[in-house]
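Before any comments, here is the structure.
Letters A, B, C and D name the chains as they come in the text, with residue numbers starting at 1 for each one.
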């Protein structure tokens, strides 16, 4: 929840926990925030300093433990440090690459007082970076201008409203074909969608992958390989020249060795980039874009008929209906699992940070808590509908938070794509080993589950029920769970037709 | 689950997880196992070695992360190490102090093969330690013999069947007053119960605490301060002489500085200890024991009448009924929360490892998973009733495991003491600050919750319903949840009458 | 030696060591480089991967050990990483704040081959940062313009030739009073010296300290508190407004909380700063500068007469003579000890990186090795005189490197200020405790020592011998040691007249 | 120096250092002590707690740094811990496997006072372990009794006087052929020497290696693979059954998987071992022993004639003369380098801890400092001659300590085998690559060097001078250095005739 607050506001979401398991239970959440660039501040307790080297209840070296998953973990060694440590922790979390920080207060320090006052509010703002050297900007402009087929590739740090504004401005000045990672979802507005070849990520078989494989120059904006390994999307790395635009230097490697780095404010550097206005109008570029756009939209025509009457709901059927049912500005959070592959490929988003997924650690269970966190920072809190989705396996990782959602009076509709299995593991096991193992779940009635928590439960067992139930659930003002029996018989297709290394 | 397998069998329970959040989700479980002395082996995946320093999906430094909560974390650096690493990990977990170990397999190593065969089964047994030097044994015998009021204090490593056998033998040879920590529950058999002054732990106000404060020599057997700080139970440390009997050296400190250490096999050293057979027959010792026994049993007379007709169930009412309903050899697991203070003080156990609690990390949520783990190692699996208890808050920490219990066809009755709050935090907040904060829960119907999972749900809303519902639930062959509205109005009493430092 | 190569060239000096003590012997050198901002790459061996978890000759966890003293330590886990790891290590060392990086090669990996080629030379350049946001630049200009008494404060990252060029340009556009830390020595050219209030560092009693205490706005350029704690020079921190100009964000604290940060290229940001050309001409500013200049130069008049005929050499006598004897572009390295306080306060330098000291870790023994390293990168190698100084205690920390100096045919004159004690520890012990302890050395004849190594030995026992011996030693083409009996009877004065907190 | 105090007394040698480089300079020494089993306590300073997270002079995370080379590093977090931390650090260092511990005192804590008094002296003794289980002792006796060719193998923890006493007692009860590692030198007394097949270590080509390869049961006493990899001496590991006798469990591996472990007090377990008194009298055993004894002693006949008149001193010539010149109880320390291979193979020792080498980390430079440390703990200090040896390269690693030796008035004769090269690296480079690189030294006159320090210098340039100079140097009461031009033309022979894997 703290992570989604950070992702949506750009400022650290704060969480607090007691010593021992209180602190260690934060591990996965903090790891996810740090990997995926969400500013978070965790405040945890530890045993009194006099006990620091002895066995005692809940003794655990929190700084050692959490420093593997945080940008910094500071122990308050004496009370007069606390003001400085709060400031540093917030600044560090806020600075790009944003992530989690933590400070730990020994019980005896917590009971003492400090004579050092808190810092002024303005000290808490993140350090501000400016623009790249003129020579680098020039070099980047020149590379794009002279390219035959330059492409814009938007990554996780291109998904913030600030950067999206500059991305759109750039594309208006210089229309380039564009592709995005899952966490950049929403960067391309409707009026620019003719340039857009879709999202890329798990399995290199998407239209966007073909676009990248076609490019001779790729302008990477806020890209982080946590989302998508460069040795996958750029396997034939000698072919394309990369330009790296980010708050900080590239994670340089064999398949990601940019020719030019534009470091500093992504927005400011993008605003200064203006290589040419003619690229999209080149016939060969237009042709590729049109073909990819067609490939991208083709599924919609038959989406609803993928489900058979009396049969289970096909994922594309669901997605087409959901897309029609929601306004552009409804926030949708998607948990990990097969549901995330379908949704992040096919669900459209035209506004920044309206379609969220965990694409670095791929952490199961984020769907519902993120929907709660997003509800709580609405103004007024919980005033608008938030939609979340998960598989049945992923839902169980944090299902008890339904209690929080109800207690906080959220307005959330959570859809469960229920196949009674850990399907994303299952189909990859089948792909690798020809059989699956250890993936059976099932037997849980999620509609009844919802009611046990005082939420509203819905159930879709046949495809033809979907439209009406979805409408009813979305209209319900409060917390509701929709348990949908999903048709996962086509999932192996998600990993088919991997693009060969020598594509271009 | 793996930890309870370790605790019950003395051999490592094994768990396995994928990379990233798969591994990090093990953190709290492994920390609990290591602190509380349960042998566990965790096997986790990590990214391919070629990606080890790059950003990639689910990259996380597992060895750095988990080494804070494990006895050892070994990375398989090359395939030919794997046989050795499996052996070392199991030996290290098995060796006292037992705890969790882990090894991590990079994805590319997992796909290769090794020419080094697995070790023989017998190599996997833990190193065997023998007896202390004769001079130390003599010194210990002399100290006890010459003591005016020697007391036996049993800690977590005195709770295994092997040590319990020797403890009982020793007490038959040399009847001493005896006290135990929560994890030593069950060490004293019915025929020795006249020597027994009960359990000590959270809050120094128990009969057993008075016994320790009276003693001039305390024989500490398998004691670990993770359970109970020596600066609490031995605050006036200059008064008592300590003898430390354990597999390994004392965690020496200001309040725990034993005069003699008997290191090696606890069982063997205890078997060689025989200071005198007269101690309990000293009138001043007998008198104290009788008085403490009386204090210990007094509650039973009025237990059932603590609940008012039409009112909520009083904890002592529940405990008295549960005690009558179960045979001595039924395993009972108790989750953390106020329920654990009541149960670990008042529920009797006469066999080793039949009453289990988490008394080192005090980890919420262990109740149900431990009941499942214990069921799975029954012979045949899930053949006998296991009882688990938790508060409503603690239950939610692992409530989704109900699905596992049902899928595995366990025979578990789980009682929830439901007050709609994190009560153990609440009453301590009130004690410290005069008010509580952030502890409200509630609104969950656990009987309906059970049914959502295909388990049987029961509900006790008035005290007079308890007896019948408890009987029905225990008779139910399968998984059942009993949601009991509990009367927590007396909980501040649990922390009253703390023994003053100058007690003796 | 590698560190001074890094400090002088701005590119990583490289050192290599075998496993075990080979690697661990690098610890202090790498710590010094990382703290003091010198780019260094260390390449070390470790045991074969198959032995990584076993006891074996020279097993030592190098990554764990050296990661405390390096910016990064990468283990080559598989051979195909090596090209990437070399690149990353060099880029990381080169990036500001520059420092040491390390990679470790297991013996079996060292014996294998990789199919991944080395990166292009151009990939090895450090990431390039540009200028701060316009709003920050404006704010900085405004603060200085509106200040009553703004001061420029140059720190360790203001000592490179690139930054010095911009500092001088700035001072010509906008003459401000200026002060520098020890590692910024040489930033102020002769034509700007009227603005210069000298260096500050150990003991807050210098003219420069008075200047800082007088300022209402302090422009900190490349300042790092490793050199001089802000809670010392800015103890009354509410009085002055700070502007932070550096490659990266401030190490924010109670006494160092800048109002504005200008991040990115120090040089580019300085080039854009142009608040006013009138500051120095304000009468109150001029008056202070003149007074401080006078205070700074006063010692010279009597320097040579500080030594008594027949007596020992007084430090100021030595410094005055040395200054006269050397051209502006002779490199002088100064080891830690009392000699460093005297030299860094009184020895003038007008070119960047011509007067070097270790002012972060204050590492004893750097004098001679730095002189060797500096000689080796001359073109042609060892073609020009390098001068180094140390105390007798500090000299002994690395005295064996004299062999290297001779074998490499360096042209070095090394002066030893010999008082037979660890004097810098001694006089501070006297200040704190009224007596000294454990500081006696002595009995070494350093002229004979030099000859044992095939170097030339000189000896100065009386003040009147100094001039001639110094001339002879500096004229000697090769390696020479000058053993000077120094007069340390006045050293307590170095710590006198500490500026009070409420100075302004 | 602290390490040799630990090695000789069995109790921690203590060293102390200031913050920053003071502490980091201890790294190699502590690593060596921990690896080689020498108890040491290091006390170091760190920056004040309020500065712990800021940049400041000499800030360095000492606990992180030194924990890689120490058994424990404890930070004094509050003043009242200091008594406990001193106790724990000494107990931990003293406990087997002995090694280095450290505690760090922040400057502000050092200036405060504690109300917790120091512990009683007796608390500081190491935990005492007793004997193995009877069943293990029986199993061990049975294995040896039934063996055809059992062998006793003494490792580093069999070199203490306590264990040596038991080893000799055992061999008298049960005469077995015996072999030792370098650090066990001196375990076998003259009256047992007929059982002794010499030392094994670097290069598997020694008589002792043949003995091990012949054995069907090997009784390993205090063996640690830090000295000699089991995959070298036991490469054909399926052939021999191992018995492990040590204070603690085996470092189990593919080539070291003992059938029986006898854990606890090595001495006590050895005292209880008595399998048979007939083993050595078996003809096949006697025959092998006699042959190996002959092989071992053969060199002596021609040792002195290995040097040619007018030529350099041959190592065996030197060793034969030195052996004749010293009494059995003179302490000899041997630095690392080729000198260590020659000495540890050929120099006899009949008393425990009289011939010392660094055989775990193989740390260059230990020779002279160990001789100083050993001198200082003599009673009275520096009252007896100590002999140390090194190569010219190794000597330079700590040559400045000559000043300490002189100041402390030691009585040390230090022999330098001078060939002007890092010969041990050189000849192994030639063996591996056919050429050498980076190993040239030379040009230092060590006799003159000695005199620069006020020590006595000697020089041997021709073989025929050796006898007289050695006598004179050993007779000199004070510190002397003997610079010997050594004949290293035969060193490749040291690595010849490696025993094949299928030897038996």
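Criterion: contacts are C-beta pairs under 8 Å (C-beta built on N, C-alpha and C of every residue); 3 or more make two chains touch, one makes a residue touch a chain.
Here is each chain with its UniProt name: A, B, C, D = Acetohydroxy-acid synthase.
These numbers were taken from a predicted model, which means no experiment stands behind them.
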Set of chains whose contacts include both chain C (Acetohydroxy-acid synthase) and chain B (Acetohydroxy-acid synthase): A, D
Chain whose mean Cα position lies farthest from chain B (Acetohydroxy-acid synthase): C
CA centroid of chain B (Acetohydroxy-acid synthase) to CA centroid of chain D (Acetohydroxy-acid synthase), Å: 45
Between chain D (Acetohydroxy-acid synthase) and chain A (Acetohydroxy-acid synthase), distance of the C-alpha-averaged centres to the nearest whole Å: 57
Geometric centre distance via CA averages, chain B (Acetohydroxy-acid synthase)-chain A (Acetohydroxy-acid synthase), whole Å: 40
Where chain B (Acetohydroxy-acid synthase) touches two or more other chains at once, by residue number: 54, 84, 88, 253
Contacting residues of chain A (Acetohydroxy-acid synthase) [partner chain D (Acetohydroxy-acid synthase), same complex]: 49-50, 52-54, 74-75, 77-78, 80-81, 84-85, 88, 106, 108
Chain C (Acetohydroxy-acid synthase) to chain A (Acetohydroxy-acid synthase) touching residues, read off their complex: 83-84, 87-88, 91, 95, 116, 119, 123, 127-134, 136, 248-250, 252-254, 257, 261, 263-265, 268
Touching residues on chain C (Acetohydroxy-acid synthase), where the partner in the complex is chain D (Acetohydroxy-acid synthase): 20-21, 24-25, 27-28, 31-32, 35, 51, 54-61, 64-65, 67-69, 224-227, 229, 251, 253, 360-364, 396-397, 399-400, 403, 406-407, 440-446, 448-449, 451-454
